[in-house]
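In the part that follows, the structures are each spelled out as structure tokens.
Across the two complexes that follow, subunit A remains constant while its partner is subunit B and subsequently subunit C.
And now, the complex of A and B:
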């Protein structure tokens, strides 16, 4: 049964890869061919030069990279304040922050677009990145994790006269590497997959990210299935690589929080 | 700082806030009256240049007939219902009150140079052009009564109450007892009331200004129609339109003579009817000034709340002085929070308020006018049949979530024993979940292909005919749902497996000893204990399914025949294709409400707390 399910999950991907090597007219026949008669690796070169895919990948990398760095940093700082420091109204502020999770993203998207439009940031990295660099889910995840850390080390550092910032940087962050990695991996995948915001926040071809790029490629080459499959396979490579390298963090993310 | 100096700060704050609120309101009221005076001066000048005939027997071209001008000016004062204090100058010589001081020559020069309405020494001054509209030959001055801008009695009372509440709060600040919360709350409410009351003064002044301009202009229109040569029924509107600069003048049926407020095509309008002659009426319409007064509310309330804010600061300061450690920790904590909280304020909480604001305004990207339209956006949403179609489609689409959950849970329960195998295959289950959304959509589009797709090929083995999956309105939504099941099932299974590992084996063993069969064990033991996980998967899944967009955008563009048109796709089109951001925002808030309701129902049905006994 596991095998049947696994095959159901994997087979479409294999078929996609197989189709990407076929001839444009070889696929248009019935019954459909499962393997290319003669593999055509040239499909990849042809598909990827039809639109500036190099630029798309660069854009996606810049977008996801900055957002991941921003989310990890701001979430860790905020989570530390919520988990470890005492100040009036802490729990109320935390609840208010969490309440953002209830609001559907589309409600925020229209005003956010109008804001970056007013700032003149549409079609720029600033506009693309600025709205995404704080993640409420990340704050929540790291706060839960920080609460599980023992306080002894921090208290020892405090007795030695360390300030909160030093404790945060020297004690808490090194202890939280697995949680930070989990957040980073999820944030990276989320941003790489995100479609609607990059679609509306960019206009020119040079600023499109990979997801938007292959969608517009689909619009241009909608009859050439091997080319489309080649573009789709390429778009998935970074995600699959990240997934295989960081697989345990995904599982950890689910098992730690039961979330996401 | 000592307690006394904190108190001094609070008192200063309270008094400053009160005085500033009143001053701001006074300035705004005065501004509204200046606007009225400037408008009236311009209208009166236009009236005089329409009704005064040219000088007889040559002279400078464009020269007015001076005696007739004098008559027209004097007649203004005799108009019944005419309110403004008007003085007209011919050159610099006053015409209405012959003994009044003449216009200062430099002021007249300035008018000639600038040819525009200006505010000078407490009066509005409009240039009086000659008949050819060429040179400035005089001026019209409209004075605002000196008492203008005094606060309403209600505002004064509220101000006194607010100051009283403020002082009471300050008295309550002590080093030892901190129970100032209640009086601080009372003070805040009073300050809010002060802001609102001052705003009301401004609004009333704006409304009165519009009303007065409308009724005065109405008098001038009727008078002009009577004075112009020829029968009143033939006076051309274009000629009178000079009186109504910044307003519309249209032929209308007879109507009441008092100004009325209404909404025309989403635009607020103030209107009055004027009778030009027997059976001939026109309507004068303008944007009511109070429609623009809203921006004062935020300012006044903000200024009024400075007092409570200062008092709050003092309360906090006195407390913090007692415990310096706590103060330091609070400052540090806000330092850590600052990046996240500031960002959330600008890009999350701000947008939520902005979305509410947008939903009651007409908002395009290019047009400069963004008027308040009340609930018009919501009624437009409710009347749009496509919106209803998209809501239905979204609800149907969301059904894929329980279907996926049933499959995922079933498989997870069976596999729970063989967790070693699962760990090996987990990568396969997870792959769709971490893959590029657009790539997966393209992949399925190829498999759904009506003629050459591999799905139809597989169906042919069980004798089912080819299905035009994405091309037919009957199956398109089903096809998208099918794909979504495939994407989600593996992920949900992993979550359920994690939940199943948390159920102690002893409970199942006990049930087995009691003679429960596998079916009973599942429904009586496993399922109730798994409820939190089930609820979590269901709620997050439904929330996600209500916001589906990318699949629809790539696979079907909402078609065929809107069969896969979902709410977010509708919002996207309304905002970024039709550029109706107000309507789109209203629709997004409707989605929020629907989602809120659906989530609430799920919590009610499944959310009862389950305890491990």
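And now, the complex of A and C:
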């Protein structure tokens, strides 16, 4: 069962990789070829130089990187406040924040654009990044995780003389690495694949991110599937890398829960 | 070093009856006091109030001469050892012990010296680089102790520190803790629901039940003169037999409890309705001997002694007999009682005389 599932999930991906090495007409043959007759690694070079993909990758990395850092930071602080600090109306404020999750992302695109437009940030990194650095989903995820941390640890730190900020930084955050890593990975994947917002927030080719680049590539080379697949495969590489790096923390997270 | 005074402390959580009610206690400087009570009686709540982790609903707390009811935990000079140790899982043993010193801005070299000395004292020298997950339960408990001691606090609070350990280790650490108390001369408040621990460790024992203080006294005093039926039953293993009955005979000098007729001297003119009798003061003999007859229901031979559970006309009582007693389930026996050792209680369960 698991194998069937795995195969159905991986097959399209493998076909994409395979296609990226084919020649332009091989793809269109009937019955379709599963493997390239003669692999053409040159597709990659050709595809990636057709547009300034180097620049696109840099833009994507800056965009996703800052958003991830921002989301992890803001989510952690807000989540800690909602999970542990005592202030009047805390749970009601949290519910209000959560209700934002119900607003469709599309609805927010125009207001967000108006804001960065008013600030003169259209077509800049500031414009791309600023409205993405708070994630309600991230706050929710981390709050739920913080609630599972043993309170005694925080109390022990309190008696040891630590203030709230020190407890947060020296006890809560290090113990939350698995949750932080989860949030970081999801946020990164989300931003890396993000298309609509970068499309709206940028104008010049220099500011385009990979996803937008691939789309415009499609416009230019719409008949050349191997080139498009080559660009798409390259765009996926960072996601795979991030996932494998973060895997360590996922596994560690399981061990930590066993220890409590 | 400091004394600790609780004055009419009350703590009510959001809903329901108070976890702690009008709890007053004076712990002398350098004293070892045990808070004893069944699960849910408010022991942890009391400790957390003293530590400053919980704010009392009413009442006040003094440490030394200082009123600290609303002072934050860090400024109370109090250390607490938690039941589940509460070691920082991501820090090594060394870092765990050093954490409090670091928070108090103790210079690095001084800090390292103190941690090393502490580790040597507690037999942790080889474990300084390990993380809590790599330690046994006993070792973890020692680290938790080290973390408390290294700060040199005025007052130590222990919340059932030995309850997660096996019997042998518990015995060992009990002795170690007492040695530590002698060596440091510090004020210690120790919470447990294990009355053997309380009897062997406490200079004085405070017995809590449903958030209220039932009795405060030296272990001997609590055992020999329990203030009420609850304390009588709770302390001792097994606890005191409590018999109910009514007076018969001239002037009510004999109390009929089931099939037993027990002579009682009436205390201060109030006639008792409940009698207490420690198992060691009950014996068995042939039918016709003693104060009445009973049926043997259960026999528990423990080697050095035998516990015999008796049914005396509907009243249950336990006799503790020396050695391996020759009694069988289903036997009818005569019950012998040391009548000078009877404890008298009124209808509400309060001690008479």
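Just so we're on the same page, the second predicted complex is superposed on the first by the 236 of 260 C-alpha atoms of A that agree within 3 Å, B and C clash if a C-alpha of one lies under 4 Å from a C-alpha of the other, contacts with A are read in each partner's own complex, and residues count from 1 in each chain.
Criterion: a contact is a pair of C-beta atoms (placed from the backbone, for glycine too) under 8 Å apart; a residue touches a chain by one contact, two chains touch by 3 or more.
Values in this document were obtained by computation on a predicted structure and should not be read as measured data.
In the superposed model, A:85 makes contact with subunit B only, not with subunit C. In the overlay built on the shared chain, the residue A:35 is in contact with neither subunit B nor subunit C.
Look at A:243: by the touch rule set out above, it reaches subunit B but stays clear of subunit C. When the two structures are aligned on the shared chain, A:171 is found in touch with subunit C, with no touch to subunit B. Using the contact criterion defined above for the overlaid structures, shared-chain residue A:152 touches subunit C, although it does not reach subunit B.
The partner that reaches more residues of subunit A, of the two candidates subunit B and subunit C, is B. In the superposition on chain A, no contact is made by A:220 with either subunit B or subunit C. Contacts of subunit A with subunit B, set against its contacts with subunit C after fitting on chain A, overlap at residues 255, 259. Against subunit B, in their complex, subunit A makes its touches with residues 1-3, 5-6, 8-10, 12-13, 15-16, 19, 27-32, 34, 73-75, 77-78, 80-82, 85-88, 90, 93, 97, 100, 102-115, 117, 130-131, 133-134, 136, 139, 164-165, 168, 189, 192-193, 195-196, 199-200, 210-212, 214-215, 218, 225, 228-229, 231-233, 235-236, 239-240, 242-244, 247, 250-251, 254-255, 258-259.
Chain contact summary for the complex, subunit A toward subunit C: residues 150, 152-153, 155-163, 166, 170-171, 174-175, 255-256, 259-260. Across the complex, subunit A is touched by residues 316, 326, 329-330, 332-334, 336-337, 339-341, 343-344, 346-352, 354-355, 358, 363, 365, 411, 414-415, 418, 421-422, 425-432, 434-439, 442-444, 446-447, 449, 451-454, 457, 486, 490, 494-495, 498-499, 532-533, 536, 540, 543, 546-547, 549-550, 553-554, 568, 571-572, 575-576, 581, 584-585, 588-589, 591-592, 595-596 of subunit B. On the side of subunit C, the complex with subunit A involves touching residues 48, 51-53, 72-74, 78-80, 82, 84, 86-90, 99-100, 103-104, 132-133, 147, 151.
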